[in-house]
Every structure is written in C-alpha cells, then in structure tokens.
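Below, chain A partners chain B and then partners chain C, in two separate complexes.
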Partner chain A sequence: MGKDPLQAYYWLFQGAFSPSAISETFVRATPLLLISIGLAVVFRAKVWNIGAEGQFYIGGMMTAIMGIMFKDLPAPLAFPVIVLIAGLGGAIWALIPAILKASYGINEVITTLMFNYVAIYLVSYLLHGPFRDPISMFPETETINPALWAPIAVQGTRIHVGVLLAFVIVVPLAYFFLKRSAFGLKLDILGSSPRVAEYANINTTHLIIQAMLISGFLAGLAGGFEVLGIQHKMRLELSPTTSPYGYTGIAVALLGYLNPLLIALTSFFLGGIINGSMTMHRMAQIPVGMAGIIQALIIIFILTGYFVEDKLSKKVMERLKL
Partner chain B sequence: MITAEVILGLLYSSITLLTPLLLAGLAELLVERSGILNLSLEGTMLMGAFVAFMVAFYTGDLYYATLLASIAGAVLCLLFAILTITLALDQMVTGLALNLLTIGITSYLYRASFGWYVSPIPPHIQTTLQPIEIPVLSQILVIGKILFSHLPHTYAAFVLVFLTWWLLFKTEKGLKIRAIGEDPQTADYLGINVNLTRYALLILEGCIAGIAGSLLSIGYYNMFLDNMTQGRGYIAIALIILSRWNPLLLLGGAFLFSFIDALQLRIQAFNIPFLPYQFALMLPYLFTIVLLFVAGRKVKGPASLAKPFKKLR
Partner chain C sequence: MLVVELRKITKVYPGGIVANYEVDFDLRKGEVHALLGENGAGKTTLMKILSGCLKPTSGSIYVEGREVKFNSPLDALKQGIGMVHQHFTLIPTMTVLENLRLGLIGQKFNMKHTLTEIEELSKILGFKVKLDSPIYALSVGERQRIEILRLLLSRARILIFDEPTSMLCGPEIDRFLQLLKSLSSNGYSIVLITHKIREAMRISDRITIMKMGRVITTLRTDEIDDESRLVELMVGERLMPTTTKVAPSFNKEPLLVVKNLVVNDDEGLTKVKDISFELYRGEILGIAGVEGNGQKELVEAIVGLRKPASGIITFRGKNDNLDGLNYIPAERVELGVAPTLSVAINSVLRSFDKEEFKKRGNTLNFGRINEFAKKVVSFMNVKTPSLKTPVKYLSGGNIQKIIVGREIITSSEILIAEQPTAGLDAKSAYYVRRALSELASKGVGILLISSDLDEILELSDRIAVISDGKFTRIFEREEADPVLIGSYMLAAEGAGYNARAATSAN
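Entry: the complex of A and B
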C-alpha cells in the first residue's frame, strides 16, 4: 500500500499513548474494560456470551430514553439511577439466552449472536422512528439535558466519573469476586469440569444465569456510561464500526487471561490501538480497519500459547488443595 | 396482494437463499460428526465472499473468483485445524478469534484497495453468476421454474445432501467419521487416524464454505459489504443442531429458515406501514432462536463434540 510503515506506527503510537492522547485512550478503554470484565465472568465458566454488543446497545438506548423522558431528574440522583437502569437493560437482554443455555442446554454462542442483530435492528427502529431527533440529519436521539450528563472528573479532558468508576471501583471489585470469593471459585470449577461442579453440589443452572446477568449488566452499564459521559445522545454508531466494543471485548478478555487486573491493562492497550488507528488514518491515510487486524493478530499469537483448559484446571486443583 | 405469482416468487427465492446455508451447513455437519465444532465457519464464508469479489473485480473472471474463494476458505480452515487439532486449543475460543480476524482483514483490505469513502456507489462487478435452466425439466409447469432454473451451486447443494447422507450412514468412511465423533480414543485404538480425518474434513469444509460465501458477493449481490455474511455461518450451525446432525433433516431446516428469510425480504419490499422494515430484518434471527427453543432443547450431538483429543499412546 506503499506507505512508510515506520511513519504509520509513529502516528499509531502518538495517537494512542502520547501525553496529549492518553486521556482519550482512557475514554476509549472504559467501555472495553466494563464489557470484557463482564465477559471474563462468564468465560471463566466456559459460557461463551458473544452478545455484549447487543447488551451494550440496549444499555445505551435505555439511557437515552431515560434522559429524554425524565429531563428534570435532580442532578446528583440522575447519574446513578440512569446508569443502573442501563445496566439492568443489558442484563435483561442477556436473560433469555441465559435461561435457554442454563435450563435447556441451547448453544449460547448462537442465541447471543442472534440477539445482537435483534438489538441493533430494534435500536435502529427506535432511532429512525419514535426517538429520532427531528432536527438532526442522522438517525439519532436529541441531546440529553446537560444537567444529567456524567460529571467530568478531570478538567480539560473527556474523562468522566464513569471512567474513574470503571478503573478504580469495578476492577478491584471484580478481582475480589473472581479470585477470592466462593462465587469465583464456583465459576472456575464449572469451567474446568461440569461433572466436578455437579459432584460439588453447585447449582449450575443458577450459576450460569447469575454469571450471564452480571455480564449483561456490565455491558449495559458500559452503554450507559458511553451515552451519558461521551456521546450525550444515542446514535447508531455507539460502537466504532471497524472494531465494535462488544466484539473487541472478547479479545480483550481473552488477552487478559480472564483476570480483571490484566484486563485493565489489555483494555487500555486496545483502547489505545483503536484511538491511535484513527490518528494514523488521519495523518497517514491508513484505513481504520488496521486496528481490527492488529487486534486479531495479537489474539492469534496469544492463542498459540494459551491453554485455557490446563491453566484453569490446574489453578482450581491448587485452590481445592487436591 | 397475495397472488400465485407472489407465492411462486417466494418459493423461488427461498431455494436461492437456501443454497449458501445448505452448502456450508453440510460441510460443517460432516466436521461436527467427527467431533469438531468449527465456529469459524462464519469467517470462512466471509473470506469467501471477499476473495471472490476481489478476484471478480480485478479479473472479471467468475470461475477464478470461485476457485480462489474456495482456496482461501481452505487456508482459513487449515489454520483452524492447526490451532485446534495439533495445538489442541479451545475450539470455541479459536473459532471466535478467527472470526474477529477475518472481519478485520476483509474490511481493512477492502478499504486499502478502494479507499475509505466508497459511497455513494460502492465498487461493483459487471457480471454475476447466472442461473442455468435445465433443458426439459425447467419447462414443467409451476415446479420447473421454481426448482430447475438456479445457479449450478444450488443443484450441487441438493446433490450433496444425498451424497453426505450416503457417505455418513452407508459407507465405511462414514462409520469411521461417526466413530471418531463419538469416541476418538477408541477409534484411535482401532487404528483410525483421528487427526488426519479431522484435518481432511476441515479442509473440505473450507473449500465448500468459501464457495458458499462467494455466492453472496458474486451471485446475489455484485459487491462486497463489511461483515456481509451477517451471522449466516452461526445460523448454519444452529440448523445443524435442529437437524440432529442428519443431512436430510438439514435440508428441511434450511428450507424452512430460507422461506422466512425470503418472506422477510418481501415484507420489506411491500413497505407495510405498521411493520417497520427493521422488524422484518429481525425475523430470521428471532425465528432461529424460537426454532432452537422448540426443537433444539437438550439435543445430544456427537459425544466428543468440541472436546480436544490428545493421543494417549
């Protein structure tokens, strides 16, 4: 494609991790972080929720609807209430595939993916129809009342309260839940051997549904943060088209070995790649899709050294002192 | 509004839409019978659609386009085979990762070739695959037009249904494939080469799924769109579950699904005021979920499906 590759990587890096770009990288990393921590919860139990994209969109849409219908919510209350509802929206979107998987053994990869398409078309309908801003040229809602926006946490940047919450509260909380609680241990046992889980008297039906609800909640929450913190309205392109957050989150979770602390790093890294590839596109005219390839290649490299099965079951055995 | 012509048109396009699903589904069915769950079927079809379009665009030759789509599909499935069979990686994770990879590669290369702003008219090819009317048979009243005026791929898919069924249930090879899928360890003791069989089936799947994907870009459309398979690979896998890994039932399932898909396209075209087109677009996906709920509960597949196999000796 005849472009100087070194120059291109220079812009990729500049756009990702230079001091002026780093705050935007945090902004990009936040939805990835929340989504992939949610995915880590289900992936640990070897339940393959690939529906985060749909759950993210439903969360975003719920947020915009709330923001438009309840314009006058008192400011300090508005943010927590709205993002909670966004999270619940995501969780409800994950509920049907969860029940189908847990109670009827229906393959969750297929159902969650199908629900992604249903979610996107539903949002598309709402944005073209009942919730379309009549003044805008694009299918999007009107801008939410600024009083309801997520407060900015670092002046002069777009880093809002949600970014802080994700990195400072959600990450350690998730780490504790997955690594130090009985719930996390149950997930690991189910993931390494459903048969052992049954011997250990674990109610796998409930466990799968709980894990899926948490995963959907976090994806919905990510949608809420994105709308209240960054976009301030619901748009069809809530996710970057060439590297949608919901699908990129799968990569982030796997790259981070399903460990919340590592996921904080990998989501920051991939957020940087998405951010930097836009700079690279602007400055060196290299297509944004490049970010997709870089991500995918990293996954393949990691995969070749990634023996989920062995690693997880060994750890479980250690913790059970077998 | 609902005339005989509409119904005939509906049946005709059902069979058209059925072809890629059936081709990909049959190939995946064989692979699953041997105990491998290849989610990268989706990516393989997308790769086929992309490669076919690029070759057709630059050479204008649909034959080479089909051939190279098939080879590209085979390469992708070979990669899947190396990762999951030789390196014994998790099949779900590998399949998902390869799908992300193909979406990335195809949309990147598409933009690298045609630039970022391709609208209003995206690059397209001049000629697409043309249906072949089977002499005599296509003259039969009503059925002739519906059944015997299709792309060669469609005829091949119908023949493959019976070939796959015969291979699986009536030949020694088929017995070996099923034995591997049920219990690879025992099959190995009996001297069946488990890994070689799985490799061969996966490469075959790549060839066929690549061609199935090429139908989208050089058969039904004359252009390539990002992620244009739109989940068809996953739907094919859902249909295999519904058919209980039986090629004959797969034909029925694929027809039922394609009928809903064709119906959905008609609903969009009719522009019914109280039914926005987005709801029509949702139909095939909702239908898949409902079908799985009604007929896919607690269905038992091949016993070793998606489990890595390690030789004990």
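Entry: the complex of A and C
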C-alpha cells in the first residue's frame, strides 16, 4: 500500500504499550476481560454462549435507564445498585437461552446468537425512540449525572473503579472459583461429557443455568462499567465496530485457555492491539480495515503458536522420557 | 511364510507412558496368533500400530517382506490389514448393507457384484446376514460378524481382533471361535488379542506373551503342556485360589425393592418387561444373561440415568435416596470417567461434592482428594505416571481399575457392579472379586451383572436369570448349575429351550 511497514508497527506499538497509552489499554481491556472471564465459565462446561455481545448491550442499556431514573439518588447508594442491575440485565438476557438449552437441549449457539440481534435492535429502538436525547444528533441517551459516574481510580487517566475491580478482584476470584471450588470441577466434568456428569450425580440442568447466569452477569457488568466509566451515556456504538467486545471476548477466552490469569494477559494484549491499530490508522494512514486484518492475523498467529508449542512440548517430553 | 513382521517397535504416548519397547512380532500365513498379556501390557497399542491407527515412535513394519509406512488405517487396509476393535465402528442407525457399503468408500462399487461377494463370503464363514436390518437391532455377536464381513469385503487378508470375546457370552463365544477356525483354514492370518488363557490355548497356533510393553516369549501352542506356566509368564506369579464366600449372616432387610419395572430404550422398544425383585443387606444378587436382554436398561433405571416407563424403585423404603448407591458402569470410557481430567479427580468423580473432600465453604480439599486417589491407585495397582495425568492417556484396563477401585473403596449401602472384571487381568480380577465378597460380608447389598457365568456362580448368593427383559428364574446358590442357568438364559427365545431346561433339571 506504499506505506512503510516498520513505521506502521511502530505506531501500533506506540498506541498500545507506550507509557502514555498503557492506561488506555487497561481501559480497553476491561470489558474484554469481564466478558471473556464470564465466557470461560460456560466454555469450560462446553456450553457455547455466543451471546455476550447482546448481554453486554442489555447491561449498558439498563445502566443508562437506571442512571436517568435515579439521577437524584445519593451516589453511594445508587452506584452499586445500578452496577448490580447492569449485571442482572445481562444475566436475564442469558436466562432464556440457558433454560432452552438445559431443559430442552436446544442448541445454545443459535439461540444466544439470535438473542444478540434481538438485544441490539431492541437497544437501537430505545435509542431512536423513547430514550433518545432530544438535543443530540445521534441515537444516544442523555448524559448521566456525573455524580453517578464510576469514580476515577488513577488520577489523570480514565482508569475507573471498574478497571480495578476487573483486574484486581474478578480475576483472582474467578481463578479460585474455577480451579479450586466444587462448582468449577462440576463445570469441567460437564465439559468432559454430559453423560459422565449425570453419572457423577451432577444436576446438569441447574449447572448449565447457573453457569449461563454468571456468564451473562459478567457481560452485563462490562456493559454497565463501559457506560458509567467511559461513555457516560448509552450509544449504539458501545462496542467498537471493527472488534465487537462480545465476539472478541470469545477469542480472548479461548486464547487464554479458559484460565482467568491467562485471560487477563490476553485481554490486556488484545486491548492494546485494538488501541494500537487505531493509532496506526491515524498516524500511518493505514485504513481501519487493514488494522482489522492485522488484528485477525495476530490472533491466528497466536493460535498457531499454541498448536506448534503443544506439538513441540510433546516431542520434547517423548525425547526426555526415552 | 511370514505375512507380517514388526521389528523393534517402540511407542511412547504423550505424557511419557512407554506402551511398547523394542517389540518384535511376526505372523505366518493362515495361522491364528494369540497375543496374550495383562491390561496395559501393550497388546492393543502394538496392534493399533500394525493396523495404522497409531504411528510408532520408532521401529519398522514389513508386509510380505516389503517395508511399509502407515499414515492411517486406510493405508493398512490397502495392504490387507484390518482390525476389529473392542468398541465396534458400525453406525447403529444404518442398515447392515449401508454399513458394509461404507467400508468400501473410495472404491468402484457394483451392487450386484458386492451382493454375490457377500453371499459367497457368508457361505464360507457359515452365517447368514440380514442385509436390511438396522445395526441397533442386532446382537453383539451379529455386529461382530458384520465388522468381520466388512473387512473381508475390503480385501483384508490379515485380521486383528481386540478382545473379541469380552462382550460375548457362552454359546456366542464358541460360535466366534469356530468362525476364527474357518477363517484361518481359508487362508486368512489372524492376530487374537486376549487375556483369556483358555481361549488362546484352544484356538491359536502360536502364542506371544507381552508384559509391561515388552515381548516375554513366543511359543507354539502344541508345545505347551501346562497352562499355569503361561499364567506365570503373564502375571509373574501363580494364579491365586478362588475366593471363599461366607453366607450372609444379616437378617432379611431389603435395601432395594424393584416392583413391576418396565423400561424402554432410546428407540422406544420395551427392554425391561415387568421385573420385580428385592436386594437384601449383605447379599450378592447375580444377574446372568446374554448381553442385550435388558440388563443395561434395568441398571440405568435403578441408578437414575433412565426414566422407567412404569413401576416402582425404592431404596430402604424411600423413593429417591441415591446417596448410598455406588455404581460400576459397563461403559467405562463413555460413562465411568471424565477423560480429560486427572486420575485424582476421577478417583472422586462421584463423591467430590461430599463433606469429606471439602474445606470450609465450597472449596475442594485437594490434600484429601489426592490421599484418596493414592488409595485407589495402590489398591488396584493402577499404572499411571502421576495422579495428575489425564485418564485419557491410560490404557482401557487401567481406566477400569480406577472406576472399580473408586466404587469399591467409597463406602455405600448398595453397589451395582456391571461387568466388574471384564477386560481385567487375572490378578486384578481376583482382587475385585475378593473385595466384592468382603463388601457383602460387611453388609453391602451388591447387584452383580456379568456375562461371565463362572464369576456369577462364584460370588452370588442368589442368581436371577434375565432373558428378553424378564427374570425367567431366580436360583438360590445351592440349586444353581451352569447348564441349567444357560438354558434359562435362552428361555425366551423359544419353547425348545424350555424343554431342554426341563430335561436337564431332571
């Protein structure tokens, strides 16, 4: 394209991990992290929730509605309630596909995917109609009362309490929950085989519903913090169009081997790539589409890398044992 | 003339398990060569290498003198090598003809030609084929014959059988061995993987004994005059005496009551037809019968994996208290273990949610879990590199040992044991039988479902014979006799058998 590739990668890196950009990378990584940890919970049980995008949007929309309704309530009371409701919104959005899957065996990939369209068009209707900010040119809600915004945790950056919560509390909690609790083990057994799970005295119906609720809750929570911490209003582009959080989260969860610690790393890395590719677009005049291609290639290379590494380590193991 | 020669085959599985180490093996034209050894001795691995299912880590394969390399079972089949696996590879919902056709994919297909070929082959082998019957409607023995026919149609001259008789019963075993004889006399070369010494002695021309991934020796069968020498070579010590069973000294307290139970299978066919019985404290109730007569559905209904169509199942007077029920399923890999999880986790697969394996809250106590897993591993002598190894890397026999050990060691009031020793080596089978009778003498009620009639006769206090979904008779231990039981097994198949039963009873 007649551009210097080294220059392009320089800007990619600058936009992602340079000292001035790193705080933004954390901000970008937070919704990815919350969503992909929720996805790790269900993916471990081999229940494929593709609906994080819709759950994310419902969480965001609920937050904006509550923010507008509770604007006069004292913030210390309203903020946690709104955050909780954002999560519950996402959970409820996951509930119907969860029940259909758990009780009737209806394929969750299709139902959750379809629920994404329902969610996004529902939000679109609400933003064009009842909740549209009358003075804005765009389909978006009015700005939420600043008292209800997520408090900034690191001065001079956009790192808000949600970022801190995700990286410092949710990650270790999820790790403990998945690796050390009986619930986590039940998910692994269900993922190994549904019949074996029944043999192991596991109530698979309840387990699938519980896991989906957790997954939806975290996606909704991500939507809530995105509205309260970053956008301060509900917009139709809550998720970047080139790499929607709900779908990118699937890649992040799988790249992170469904392990919360690795997911924290991969979501940070992918958040950096998203930001970096935008910088690259601006500074080196590389089209956004090209940036999307580079993102996709990076994911493919990482996955191939895992595969090669797996093969190699097996070979090395065999050599050593002989 | 050697049709196959394996030289210095070594196979190391990921995870470091050495399944074969510098193994030499050969097969002559038209012979039956038995491959004898305990579980995990490496028999199946070696033959999977020969049939192209696995690639050796090192070593070479010669077919009729030429060195070959197999990348898939299809490559091996092109050289005339076919394997009948322990778990059949037929598609249950398709018909016999469709399944046979599937074996010929990639070749020119001429229906007329194939049909005459099937007819000729079945004439040689002495069995009839119901071409338009779906596979699920066939018995295990029939399915096996279809597998063989499929290999023969694709021009296999070297046939490998992996534990072919482990799921067959009495008369079907005889019939199968007969079939092997006629195959070999028609010029087919046969490898028979087995751990049953009698079977190997009866049918084979040569016997190769494997132990811990190595070949111990190859002998000509007619030169062996003492079977117990084979046991010694296989196990390393003489077979232990059979268990002695103490009669239950408990009063007749029913632990499990089944009343007028009717159960349907997945296709909606009624498989259990009005069965009623009681299982008492401290007794072993054996259920004898040809496989596929409703045993599977009966057990699934009792353990709660299948909803009965009608009837009542009560545990100690209560309707749904399954806490005290342990269950050794016949489907080991499909149902008994979570293959991707570790040996330790699989040792507590059905009990990790109990208090003893938990710390405060809902946290698992991995210390206790590992302790328990060590007990299971040492009790059953499971061969595993570590407790963390995923069970999918272990051999079928070792997986089975984990399941059996786990269900025996975990305390319970009722134990449902489906084929508890099928596929186990002599030593482990002995331990399992002894453990079962010890449990019974401690007051556990055991329901023993086995296709091994000797095992049922040895262990049971009472023997129920199941045929076509009904208990045709429940014997007391004293009145049981193999011939009589055998005739009751076939009772539902026709009045002729009943007449025979009556005569042998006299």
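Here is the rule we go by: the second predicted complex is superposed on the first by the 288 of 322 C-alpha atoms of A that agree within 3 Å, B and C clash if a C-alpha of one lies under 4 Å from a C-alpha of the other, contacts with A are read in each partner's own complex, and residues count from 1 in each chain.
Going forward, contacts are C-beta pairs under 8 Å (C-beta built on N, C-alpha and C of every residue); 3 or more make two chains touch, one makes a residue touch a chain.
Computed from a predicted structure; not experimentally measured.
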First (chain B), second (chain C), both or neither touched by A:17: neither
Touching partner for A:241 - first (chain B), second (chain C), both, neither: first
Touched partner set for A:199, first chain B, second chain C, both or neither: second
Chain A: partner with more touched residues, chain B or chain C: B
Partner chain in contact with A:9 - chain B first, chain C second, else both or neither: neither
Of all residues in chain B, those that touch chain A in their complex: 39, 83, 87-90, 92-94, 96-98, 100-101, 103-105, 107-112, 116, 226, 230-231, 234-235, 237-238, 241, 276, 278-279, 281-282, 285-286, 288-289, 292-293, 296-299, 308
Of all residues in chain C, those that touch chain A in their complex: 10, 12, 14-16, 18, 57, 303, 305, 322, 327, 329, 334-341, 345, 349-350, 352-353, 358, 361-364, 366
Contact set on chain A toward chain B in their complex: 1, 46, 48, 50, 96, 100, 104-107, 109-111, 113-115, 117-118, 121-122, 124-125, 128-129, 241-243, 247-248, 250-251, 254, 281, 287-297, 299-300, 303-304, 306-309
Contact set on chain A toward chain C in their complex: 180-183, 185-186, 188-189, 191-193, 195-201, 314, 317-318, 320-322
